[in-house]
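Just below sit the structures, each encoded as structure tokens.
Each of the next two complexes has chain A plus one more chain, namely chain B in the first and chain C in the second.
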Partner chain A sequence: MTPTAFLVFLLEEAINGLMAGSMYALIVAGLALTVGVLRVVNFAHGDLFMVGGFVFYFIFGLLGIPYLPAALLTILAMVGIGAIFERIVIRPVVGKTWEVQLVATLAASTAINNGAIWLLGSMPKMTPTLLSSTGVKVFGFGLSWQRILIIVVTGLTFLCLHLFLTRTRTGKAMRAVSQNREAAEGVGIDIKGIALITFMISSGLIGLAAALVTPVFSVFPSMGTMLTLKAFAVLTVGGFGRVNGAIVAAIALGIVEALAIGLIGSSFTDGFAFIAMIVALLFFPYGIFGKRVGI
Partner chain B sequence: MRKWLPVIVLIAVAICFPLIVRTAYFVQVLTLAGIYMVLALSYDMIVGQVGSLSLAHPAFFGVGAYTVALLVTETGVGVLPAFVAGAALAGLIAILVGIPSFRLHERSFAIGTLGLALVLQLVANNWMGLTNGPMCVYAIPALAFTLPGGVKFTTVSLTDAYYGILVVALGTFVLSFVVSSSRVGRAFHAIKENELLAEAQGVDALFYKMFAFTLGAAIAGVAGGYYATWLRVVCPALMGLPYTITLLIIVFIGGRGSLRGIALAAILCTILPEVLRISDSARLVIYGVLLLVFVLYIPGGLEGAIEGVNRLTTRRGGSPH
Partner chain C sequence: MSKTMMKLVVAMLVGALLATACAPAATPVPTAAVPPTSAPAQPTTLPTAAPTAVKEPIRIGISGIFSGSESIQGQETKQAATMAEEDINAAGGILGRPLEIYYADNACDPAQGATSVDELIDVDKVAAIIGDFCSGVTLTTMPIIQSAGIVQLEVNGTDKSISAQSGVGGNIWQFRLNLDDGLMAQYFSKTIAQEVKSIVIVTSNDDYGHSAAQAFTTDLTQDGVKILSTEYYTYGQADYRPMITKIQAENPGGLLNVADFPDAAILATQMKEMGVTNLKIYGRGTVVTKDFEDLVKDPTIWDGAKEVNRWAPQGSDLEKRYQAMWGVPIDIPAVLPYYAIFVLAQAITNAGTDNRAAIREALTKLHMNIPDLGPVSFDDHNQAHTDMFITQLQNGKVVTLQRIPTSQ
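The block that comes next holds the complex of A and B.
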């Protein structure tokens, strides 16, 4: 391979990585909000993403609704499913020890994941769109519109999330709850309402991620577990409960994985997140960007 | 003495079982229940007695199974030395992982052990040269030796395999009982209740946690070796999350830290899905929902129920306590 060809190859893998990293970032941001504001470790987070993928598959692939409304419907559906999930699983474990939270949400994850296998079978489902099958050629490699869309929309979403958290009343209340629960309650913030809104935003982000990446990747029932674990690894590296650190760590993970798949092969790439996590835990016990819980 | 009566009756029933029920299938289901009992009791050492949530237990089971399988089929080492090697390797991995993880927050310990389990499963799945990957290691020789008195024991015989695991399970139960009622067990419980306070009393929490984690891992390694020589095939799925969930449900239904509750739950959770003949995914859906209900609303598990019944019967008997 000539040096130029190698550089182009690196660029292509880096863009693939940026796409995967965008997906991780959307998923991890929701998890960071749940941990930061609700103080709940949710091990069913990745399974909710799987549910989002199937919701999109049904709306777009089976009902044949065009992409944009299908994506919006997926987000709405996930906000609703998130609200139900919050009521059944999350609310009872708020304020319990983290072991109870972990076991309860892991149990929910198992039920969701195996319920999906039971109902839908374990085969992956594909939903290519017009955007994912056409694209532009840059430096000699193809780049589908869907991939560009994923990266651009993720960037815009995080801009909106940042503005929401820093400028709006609700966003400020969420940050207040994450910083000091008792004091927030003391000044009259409705903790339960904030918890519900936080979880709905988190599920909405998952729905958005599902609608964006399902046309490029396939969906299958058991995909959630590995995503949850990677999301927690990323969260640990980025500083538990810190949204910004988590987003940076997620995008970094996407790029590292893509380069590793291109250079070494895909057999062991799923292990990278955990190796990064163990190294980070040894040298930065509070995460690279974090000191304590808080968004 | 009355306290031990149910235990003696249960052991007697367990010994007589294959003599009365001559269906090979049921003997095999109970052998599996025995393996789960060993696994759950050893898992409870770290989760129930010390109170650190490890999610790597099936990985130690898998390490034991693979070590025995590979040593025996590839290098021709005897089965019994391979067992020792399997248990030792599982214990060694526990030490290597435990030292860094225990220094961190408990939450990091849980996530770290889960990461370890996944990495080990990836190795078993992808290191084709060593483990044969998803094609599994097969044709593992059975465990066979001559007992003193000239009785030949071999796991080829289903009844022998059953009695073998019965001995291992009883041994694990007795060991767990001895550990939990000794000075070491009291240290475990002190750490579980309040680690800071225990340390202030001079209990070296890290040492005792490492001890429980390593001992539990080594016992899981033995169970894995037994599994390998019993079924004579070992696959990467052994280390998977479904086994972690099954162990969690056994420990939580039984009641964390309760040996009898866990032993009972291990038997129930193996027999019921077999008797009801439900598919694997349906079983895991039910386990998931049950685990959720137990952890949220019945935190005491079966142990809580047993104690409730005991309290009722003693009150009726007019005893002052």
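The block that comes next holds the complex of A and C.
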């Protein structure tokens, strides 16, 4: 390979990684919010993404609703599903020991996984859109409009999330709860209400991720497990409960994975996330951006 | 969050990394059976017998993939097995006794596979087992069935080492109905060598994938094809772009995808997205299938791809009945288990008993012909030599190019 071709190759892998990292970031950000504000480790997070994927498939693929309204409906549906999930699974375990949270959310994960197999079958579903089927050439490699949309929307979403958390009353209340729950309750913040809103935002982010990402991949019932494990690895590297840290770590992981596949090989793809986690923890025990948990 | 909790969570994550990386155990909940809309045909080789008073059923177990990312195969297997059970019982059962099929989930995971086989042997007390559909699982369970003295009939796992370790000088209880990768690579490599001079192999990151890649690497190299690289994917992997970028940089003439249709469809779609459409595509799995076409929804994707396989659609009565019963076309994960049940049923009939040792003895002497598959008899390593099929995707349709007998 000539030096120029090698540089183009590296650039392409970096762009691949940025796209994958954007997907991880959208999925992890919601988890970071949940951990940071509620102090709940939700092992059903990846399975909720799977639910979002099937909701999008149902609305866009089966009902034939155009993409933009279908995406908005998916987000709204996931906000609603998130509210129900919070009430049934999360609220009872907020403030309980981590063992209780682990069992409750793992049980929910298994129930969702098996429920999906029973209800929908095991056949994976693909929902290509016009944007995922057309694209542009950048330095000779193809980039679908859907992938470009993922990067752009991810950036805008996190900007909005940052503004929400820092400039709005509710966002500030969420940060207050994440930093000191008792003090927040003492000044009159409705903890249960904040918990519900946090989980609804988290689920909305999952719905957005599903609507953006499902057209370029596929959705099947058991996809949630590895997603959840990787999400926790990213969360740990970024700093447990730190949303900004999780986003940066997700994008960094995506780029590292892509470059490693391109330069070394693909046999350890899934292991990179966990190797990165172990290495990061050796030098940063609380994660790269973490000193204490709090958004 | 306290330091202690942090450590505990990290320990858990590391434990998850070290543990088997497959989907967690899940109670298999196969889809409900749909009543057949037409009367089942008579099985081809069993003697009919009028049902008598209630008799002890003959039990056959299936250790299959009923959960995890490959569970679509298990769904098809159960549908076919249900049909076979009904067909055989409608014809009077086996030795005048009703047939009962028992299922256990191995999730294509060796650890779970061992448990599933133990359950079939000790709890369900089956006379014989069909399984395990994944080479890694079969290799794990072979010592178990040997110790228990029960026949296990493989119908999907293609690792060469299964038959290498079976029969004479090895595990006399393990049999295999489907062709292995050694046989398929031997024939298919010649087809590939006529069309390309260099190739990249994309295969699954497990025993099956590594074994298939090794078999094809040996034969392709002997036939003058240069292997530029071998890339690995995990079942259910979502993003192939980094791998495709690497493949594109290597500029091969062809790509051999050892995969089933769910994973092949993602790779194919993303290759088209990236504009990598100039490679000749070869499959080993369920790539050139209607299931693949139904998933990609675009007949131009991988049009012209060729595949070597153990069966191809032939417009048979079984295909029509399966379609009528389940509303979907039959495919390999259903065809071979269906006929495997008949193979075991014939062996039991020939033995005159469902004694496990007698079944094994009867299988070693079995000679039968299944029109959809070819002749069925087992060699010294308990390997059947059914026919091989070369198929091609032509404008969204699966066309059989060649049917090659391998029994000579």
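As a convention for this text, the second predicted complex is superposed on the first by the 293 of 295 C-alpha atoms of A that agree within 3 Å, B and C clash if a C-alpha of one lies under 4 Å from a C-alpha of the other, contacts with A are read in each partner's own complex, and residues count from 1 in each chain.
Following the convention adopted for this analysis, a residue touches a chain if its C-beta (ideal position, glycine included) is under 8 Å from a C-beta of that chain, and two chains touch if they have at least 3 such contacts.
Note that this is a predicted model, so its numbers are computed, not measured.
Superposition note: with chain A as the common reference, chain B and chain C are in steric clash. Contacts of A:W98 after superposition: both chain B and chain C are touched.
By the touch criterion stated above, A:E13 is placed in contact with chain C alone, chain B being left untouched. In the superposition on chain A, A:R39 makes contact with chain C only, while chain B stays out of contact range.
Applying the stated contact rule after C-alpha superposition, one finds that A:W118 touches each of chain B and chain C.
Look at A:F274: by the touch rule set out above, it reaches both chain B and chain C.
In the overlay built on the shared chain, the residue A:A258 is in contact with chain C alone; chain B does not reach it.
Counting the residues of chain A touched by each of chain B and chain C gives the higher count for C.
In the superposed model, A:A233 lies in contact with both chain B and chain C.
In the superposed model, A:A107 lies in contact with chain B only, and not with chain C.
Of the two partner chains placed by superposition, only chain C is touched by A:M1; chain B is not.
Here chain B runs into chain C after the superposition, and of 171-179, 225-233 or 261-269 the stretch doing so is 225-233.
Residues 41, 98, 102, 109-110, 113-114, 117-118, 225-226, 229, 232-233, 236, 240, 267, 270-271, 274, 277-278, 281, 285 of chain A lie in contact with chain B in one complex and with chain C in the other. Residues 41, 89, 92-93, 98-100, 102-104, 106-115, 117-118, 225-226, 229, 232-233, 236, 240, 267-268, 270-271, 273-275, 277-278, 281-282, 285 of chain A touch chain B in their complex. Every residue of chain B that touches chain A in the complex is listed here, in rising order: 53, 100-101, 103-108, 110-112, 114-116, 118-119, 122, 126, 241-242, 245, 248-249, 252, 279-282, 284-285, 287-292, 295-296, 299. Within the complex, the chain A residues that touch chain C are 1, 5, 9, 12-13, 16-17, 19-20, 23, 35, 39, 41, 98, 102, 109-110, 113-114, 117-118, 121-124, 126, 128, 132-133, 135, 137, 141-144, 147, 213, 216-218, 220-223, 225-226, 229, 232-233, 236, 240-241, 257-259, 261-262, 265-267, 269-271, 274, 277-278, 281, 285-286, 292-293.
Those residues of chain C that touch chain A in the shared complex are 1, 5-6, 8-10, 12-14, 16-17, 21, 23-24, 26-27, 29, 31, 67-69, 71-72, 74-75, 205, 229, 231-234, 236-239, 241-243, 245-246, 248-249, 262, 265-266, 269-270, 273-276, 295-298.
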